[in-house]
Amino acid sequence: MTAPQLAVSTWFNTPEPLNLERLSGRVVFLHAFQMLCPACVSHGLPQAQRVQSVFRETDLQVIGLHSVFEHHTVMTPDALKAFIHEYRLTFPIAVDQPSDDGPIPKTMERYGMRGTPTAIIIGRDGNVEYHRFGIEDDMVIGARLASLLAAPIPDIAAPGPEAPGCTSEGCTIPDTEMDDE
Amino acid sequence: MTAPQLAVSTWFNTPEPLNLERLSGRVVFLHAFQMLCPACVSHGLPQAQRVQSVFRETDLQVIGLHSVFEHHTVMTPDALKAFIHEYRLTFPIAVDQPSDDGPIPKTMERYGMRGTPTAIIIGRDGNVEYHRFGIEDDMVIGARLASLLAAPIPDIAAPGPEAPGCTSEGCTIPDTEMDDE
Amino acid sequence: MTAPQLAVSTWFNTPEPLNLERLSGRVVFLHAFQMLCPACVSHGLPQAQRVQSVFRETDLQVIGLHSVFEHHTVMTPDALKAFIHEYRLTFPIAVDQPSDDGPIPKTMERYGMRGTPTAIIIGRDGNVEYHRFGIEDDMVIGARLASLLAAPIPDIAAPGPEAPGCTSEGCTIPDTEMDDE
Amino acid sequence: MTAPQLAVSTWFNTPEPLNLERLSGRVVFLHAFQMLCPACVSHGLPQAQRVQSVFRETDLQVIGLHSVFEHHTVMTPDALKAFIHEYRLTFPIAVDQPSDDGPIPKTMERYGMRGTPTAIIIGRDGNVEYHRFGIEDDMVIGARLASLLAAPIPDIAAPGPEAPGCTSEGCTIPDTEMDDE
C-alpha cells in the first residue's frame, strides 16, 4: 500500500514541515504515540530515539506522530511541547490533525492504526512495508530498517497484541470511540 | 521535624480528603511527583504503587502529591486525572496547592523539597523520618517503612543526586524559579 | 521452628567458619543457590549482594549457601571459587555438605528447601522467620529484614512459585531425586 | 579479512560438526563466550538466543564459541554441557580448542579476540564484516545482520569498551596471560 500523506497541524523539532512526497526515495520510520500512553513512554519513544541514534549515518528519517484519540482536552500541542522538552526527544514530531467529526485524528484514520504505540516503516518506493501496533523488539526493528535501507529480506515480523484498552503493550482504540465517527 | 500539614486543592482516589492530623499514629509514605517528570514516571510512581501493594496488610498510608513547579498551564488537575487513569494508580493523590506568588506549590515549599521525585516518610509520632530527592532502591524504602512500622533501626539511607535540572534521577527546582518567589 | 545448624564442607570470603549458635542474637539472611541456576545468577545473588550493602551498618549477617543438588561433578568448590571471583561476591559463602547417600546436600535437607534460589531469614531468637523458594521483591526482603532487626510487623509475604524444574523463578528439586534418598 | 577456520574440540546442539567452508554463501553470527563471564551470561548469550529466534526464517547460522582463557580447570566441556542444559541454549555451540602452549584457545587467537563476550559476523563471501568485544545494542546487531543478509549499508557500529579485566561490559584477556604465550 502506498503510504498516505500525513495530516499535520503542528510540527516540533524541525525548522520546516516534513512531507512524505519530498522524502520519497528515503526510508521513513514513523512512530505514532500519545504522551499519556504508558507503553509509548516506557518503550515506543525510547525505541524511536534509539532508531534516531543507531541510523544517524544513514538517510533514514525518523518522524514522531502525536495521534491523540482520547483525553483530547489535556493532550494539547502545548502539553506535548512540555513533554518533548522534559523527555529530551530530538527527532521531528508532528501533531496528527484532529478529525472534523470524531475522536480519531486524520493520519491515524488514513493509516488504519489500531492505537498507540504504532510503528510504521515506509520503504524507498513510498510503500508501507511494516505496520505494527504495540511493542516490538529492537532487533526486529533494526533488521527491518536495515533491510529496507538495502534490499528485501524474508519476513521476520512477530505477532502483535490483540487486547483492547490500555495495557502494557499499548492503548487500543475502543470500539465505542470508533462508532462515534 | 514535625511534618507540616498538606496544602491541597484537589484529591483523587479517595472518597474524602486525607489529613495528617487524623493520620497521626500511622506511618505515611508521601510521594511528590509531576506527571511530566520522567524519573517520576519510570521509577517513583511504580515504586509508590509497589509500596501500596507490599504494605497493604499494615496501617501504612500511601499518599501521592502532585507538586507542579514548572509547565503549570499543562499539568492541570484535568491532565492529572487522565494521567492517573492511564497509569492505573490506585493510591490517594493530592494536588499540591499553587503558591499565590511563585511557581513552587505550598506543600513543596513547606517541606523544603528540592524537586521531583521526592519520597518523604512520616513516623507514627508525626515527625518526618526520611526525606529523599531522586531515586532510591526498593530495599531501602522497604526497610525504612518496616522499621518505622516497628521500631528505629540504624541509618541505612543512601546518598542522593545533586545535579540541577531534569536528569534520570529527577527534576531539580532551578534557582531562578526559586528566586521568583 | 528453630533454625537447624549449617552443615558446611568449605567456606569462602570469611577468615573463619561461621556458626549459627555463635550468631545467636543477630538476624541472619541465608541465600541458598547453585552457580548454574539461572534465576540465582540473575536475581538471587544480586539481591543478596544488595542486602549486604543496604544493611551494612546493622548487625545483620548475610550467608550464601551453595546447595548443589544436580550436576555435582561440575559444580565443585573449585568451580565455585572461580564463580565467586568473577561475580565479585563479597559476603561469606558456605558449601553445603554433600549427602552420604543422595543428591540433596545436608543443610538443604535439614531446612526442607524445595530448590534454588531459596531465601531464609533467621530472627534474633534463632527461629526461622521467613523461608521462600524463588524470586522475591527487594521491597519485601528489605521490609522483612528491617522488621526482624526491630520488632514484628504484620505479614507481608507474597506467594511463591509452584512449578517443578528450572524456570525463570528458580530450580525445583525433582521428585525422582528426592526418591533417591 | 577472510574468516579463519574454527578450531573446535567438541560440539553441542548439532548432529554433526559445522564448518565455515561449508557455510560459505551464508551469513554467520559467531558469539564467543565463557560460562563464568558475567556479561556473557547476562547479555551476550541472551542476545545470541534472540538472534537465533528473530532470524529463524533466514539462512543465517548462529554459532556459540566457548573460548576459555581463564579458570580452565573448571570451565570444562562437562561443565559447559550442564550450563547449556540449565540455560536452555538451542543454537550450535563449539568448544574452542585449547592452545598447546598458552591460556588462549586457538580460534580466539586466530581471530585476535580481546576477550569475552565477542560478537563476530561473517558475510556471505566469507569475510569478517563485524568484530566487537563487549556489549552491543540489539538494534545494531539486528541492522548489521539484515544488511549482510541483503546488501551493504552505511556504517552504524557503536564504540566498544576499552577497560581491562572483567567489567559489566565483559572480560578482557589480561596482558599477563597474553605474555604467557
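Going in written order, the chains are labelled A, B, C and D, and every chain counts its residues from 1.
In this section, a contact is a pair of C-beta atoms (placed from the backbone, for glycine too) under 8 Å apart; a residue touches a chain by one contact, two chains touch by 3 or more.
All figures in this text were calculated on a predicted structure; none of them were measured in a lab.
Student: Validating interface symmetry: for the copies subunit B and subunit C, is the fraction of residue numbers used by both over half? Same or different.
Tutor: Same: when the shared numbers are divided by all numbers used, the fraction is over half.
Student: Which chain's mean C-alpha position is the greatest distance from subunit B's?
Tutor: Relative to subunit B, the chain with the farthest C-alpha centre is D.
Student: How many angstrom lie between the centres of subunit A and subunit C, each centre taken as the mean Cα position?
Tutor: Here subunit A and subunit C have centroids separated by 47 Å.
Student: How many angstrom lie between the CA centroids of subunit B and subunit C, rounded to a whole number?
Tutor: It comes to 35 Å between the two C-alpha centres.
Student: Could you give the separation in Å between the centres of subunit C and subunit D, each centre being the mean of its C-alpha atoms?
Tutor: Comparing mean C-alpha positions, subunit D is 33 Å from subunit C.
Student: Do you know which subunit C residues sit against two or more other chains?
Tutor: none
Student: Line, ring, star, complete or other: which one describes how these chains touch?
Tutor: Drawn as a graph, the chains make one closed cycle, so a ring.
Student: What residues on subunit C touch subunit D, complex-wise?
Tutor: Its residues touching subunit D are 36-38, 41-42, 70-71, 73-76, 78-79, 82-83, 86-88, 166, 171.
Student: Name, in rising order, each residue of subunit D that touches subunit A in their complex.
Tutor: 50-51, 54-55, 57-58, 137-147, 149-156, 158
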